[in-house]
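Notes follow once the structure below has been shown.
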Amino acid sequence: MILHPGILALLVGSLVTLLLMLQACWLGIQILVRWDSGSSSEFQLQLERKTWLVSTLLNYALAFQILSGVFYLATLEDIHRLFVGAMCATGALNANLVGWLVLVVKVILFFAAALWVVINRLDQRTEETPLVRPKYLLLLLITPLVACDLYLQFSYFSGLRPEIITSCCGSLFSEQGESVASELAGAPVRQAMTIFFTSSGVVFSLLLACLLTRVALLRSLLFVAAVIHFFAALAAVVSFISLYIYQLPSHHCPFDMLQGHYAYIGYPLYAALFVGTLFALLPGLCQPLRRHAGLEQEIMRREKRWLISALAGLLIFLLISVWPMLFSPFVLLGD
Amino acid sequence: MLLKAENLCKIYNRHQSDEMTAVNNVSLEIAGGEVLAITGPSGSGKTSLLSLLGCMSRPTSGRLQLAGRTVSQLPENFLAGIRREHFGFIFQHFNLIRDISVIENVLLPLVPTGMSMTQMKLRGQTVLDRLALGGKAKVRVNRLSGGEQQRVAIARALIADPQVLMADEPTAHLDSKLSAELLEILSVLHDAGKTILIATHDPSVYQHPLITRVLEMSDGTLRGAVRS
Amino acid sequence: MRRQLKILEHALTSLLRRKAKNLSLLMVYSFTIATLGSVLFLTHALKSEASDSLAAAPELVVQRLAAGRHELIPVAYAERIRTLPGVEKVTPRVWGYYYDALVKANFTLMGTAGEPGELELLAGRLPGAPDECAVGSGVAALFGAEIGDRLVLIDSHEQNRLYEITGLFTTASSLLTNDLILMPETTLREFFAMDADRATDLAVEIYNQREVNTLAKKIRFHLPDTRPITRSEILHTYTTIFNWRSGMMLAVTLAALIAFCILAWDKATGISSEEKREIGILKALGWETADVLAIKFWEGLAISLTAFLCGIVAAWLHVFVLGAPALVPILKGWSVIFPDFPLTGRVDLLQLLTLAFLTIVPYLACTLIPAWKTAVTDPEQVMRN
């Protein structure tokens, strides 16, 4: 199974990422132990220069992680044909349940790495670089995740047995099943819509409010709302958004929309959701950092851009979700 | 006070066998609009001092203030920003990029600023016109004469309209005619309000009427009127 | 954004100024991508050709097993299967393998019960008389035979049998017919000394494709000594084999990739003094480490994308225009008669992503540290030179 080109490429990419992260970790430990911002020694200067290497390594690692996430899904789509009973990526994931874990780890890594990059940029733009220690401690936590990602991917792909009959999304996401996915699929559509649109409304209101005022509480609320909205959105995709995209009342699969015959609409949909959520989390996440005057300035400079990016991302997600509801001939809620 | 240095020290290869103290406990004050000449033999530490004052490197110890702000302990990327905004450098060997055109060389300091291309080109042309190089904007630097290259180096130093111009042995590779030309240009700039620091061991420079103060550097220490 | 665009412009002009060094790197990079790309394109094209060809195969083929090995199947089983609901048609097929010691090749002999006529992919006509045959282009090439010539085969009684070639399958159908010798069914039965109540296997056509697995199960239930094979299973096997072969070849070419990465590292670390001087000047003029890192990133990306484009174009030409002459000798080892058919050019996004991941990612990773080393050049050095 491992010798599939896509799988080989994924593993090579993940291995390269891990090697970069280990290098970053090694430098991070040196920096953590010997950093002295008050010192003018040559050694401190060298450490400062090494922080640029760590930043670069992390930037590349983040980029690879994002691409590998997309690539992982594309590979799952390609190999699903090898499994009896599989109709899309879900089938491939069900063939070896470790695959779901890989997906979860990749999502966590995306947010963790992206947050590290943002915090690092903030810190580097501040004269006193006050976040050096917390930043590199965080780095030491992210690296094991990357190793975990590689290990789980290897475990998943090497554990695939094409002769085993797997279940397709039809059974996983069917309303009759007993899994969480089935619960979501079977949830009453009106209620699911209400939750989704309410959480969207709350997030958009908070985004606009944060753009117009400087109240710290709003940003913290935005953080909470964005997290809730993220999960509500994913649930909504399974519950009813997918139905409108496929124009079938029983097709709840969140991965089929990544395929060509649905115009790959899944990619912009999920990309908008992830990017929008990331930027919506930032103002709230950076609240504790505002104690420091230098960081406060930097955050103030960038916050507007974050809020607008969040608005744009979540708006695009909403548009793509709502478009088939409004303009397709499919009618879910009888009128 | 524009620039204020307190007990600046620069030690290379510290704690190693070839340790060298280039700048030894130098204190200095420079007011805006001054033209300061730092003289001394080769190896006396002039270039190292200029490098410290111009935020090109960090001192091993001591403090440097620019317009009241302490800059000596700033991270490298901040020093780069300060150099961009406040300082213009004329190097001993010009240090132009030979395979690109005059205008491309001159605009290099502005590239990281995010200024629009139109604005950059306008500024570049203005500066080149002032230095009688307007017609040579697109010419490759390696096709210019020594005098023209010198003027390109000056144009590049002026493009960001810096407060302070630093010149390190500017006449070292010039004949007397070109040296006189250079000093003429520096005079004009001084009249326009620029602060100029020149490291030189050329008497025709430090004895020129343009110079408002002369300091002598010897074995890393400074002698002369260190206060403005 | 503006700043990045200007830095990009500077990076590109910088690359163009160092044509010699970058050109050599670009050539090796493109060649590496072309190699990997050829492997991927070829195996993908073969896989697609195979699955397209299979579209014409029967949905279900029923074989008989005895002691776990393939045995001739009683024709009477066909009657039994015809009674099952959902079965449209059952056709007993007579075919087998023949090894010719003279040319040391395996042929597939197939019996046809159809009328002698013309086919689109057949030059001449199908065999009608007992001593006639039609052959695939690979067979004809081996014997140097044409329409009208006679083919000599040795039957199961060690007797020489002569068959006149009435038809030649065109190269367009090579994948299916390359090693094929078609003759009337009765002739073939005589040749193999096969009884009239036996057949090699049964081809089953069904009304509803979705029923195929259920029907296969039913057939196994009613006729326990049979092995029903569905078309999707064959396709599945082909796909697995092609993936495996593709992966194997890729794994081998990974050695080339590693060599390339070492070269990339070497080139990146071996920065010329002129380049070092330039970076020093930029740093002295107020460019930050991040700006220089950006130059290096854009340079790396520009080289990567250019090499990628050149590489995939070269791979495309190599596989789909020239017929993969560099790879075919390797593949030929797996079968004596290798079909010489034109491959349909097809490339999908996943292949390109795979190629990008296998080449661009390692290249950028290899150049990261050298790029950083360049970017942290001490600006003061410029003062000292």
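Labels A, B and C are assigned to the chains in the order they are written; within every chain, residues are numbered from 1.
What we mean here is this: contacts are C-beta pairs under 8 Å (C-beta built on N, C-alpha and C of every residue); 3 or more make two chains touch, one makes a residue touch a chain.
Keep in mind it's a predicted model, so treat the numbers as computed, not measured.
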Chain occupying the middle, per Cα centroid: A
Pair joined by more contacting C-beta pairs (B-C or A-B): B-C
Inter-chain centre distance, subunit A versus subunit C - centres from mean C-alpha coordinates, in Å: 35
Separation of subunit B from subunit C, taking each centre as the mean of its C-alpha atoms, in whole Å: 65
Averaged-CA centre spacing for the pair subunit B and subunit A, given as whole angstrom: 49
Contacts with two or more other chains, residues of subunit C listed in rising order: 289-290
Sequence positions of subunit B contacting 2 or more other chains: 76-77
Junction residues of subunit A - those touching two or more other chains: 49, 124
Parts of subunit A lying in touch with subunit B, wherever the complex brings them together: 37-38, 40-42, 45, 48-49, 124, 127, 129
Touch list for subunit C against partner subunit B, complex: 2-3, 6-7, 10, 13, 17, 277-278, 281-291, 378-380, 382-385
Of subunit C, residues touching subunit A in the complex: 40, 43, 236, 239-240, 243-244, 246-248, 250-251, 254, 289-290, 293, 349-351, 353-355, 357-358, 361-362, 364-365, 368-369, 371-372, 375-376
Residues of subunit B that touch subunit C when the two form their complex: 47, 50-51, 56-57, 76-77, 80-81, 83-85, 89, 91, 93, 95-97, 99-100, 104, 108-109, 111-117, 156, 160, 168
Of all residues in subunit B, those that touch subunit A in their complex: 14, 58-61, 72-78
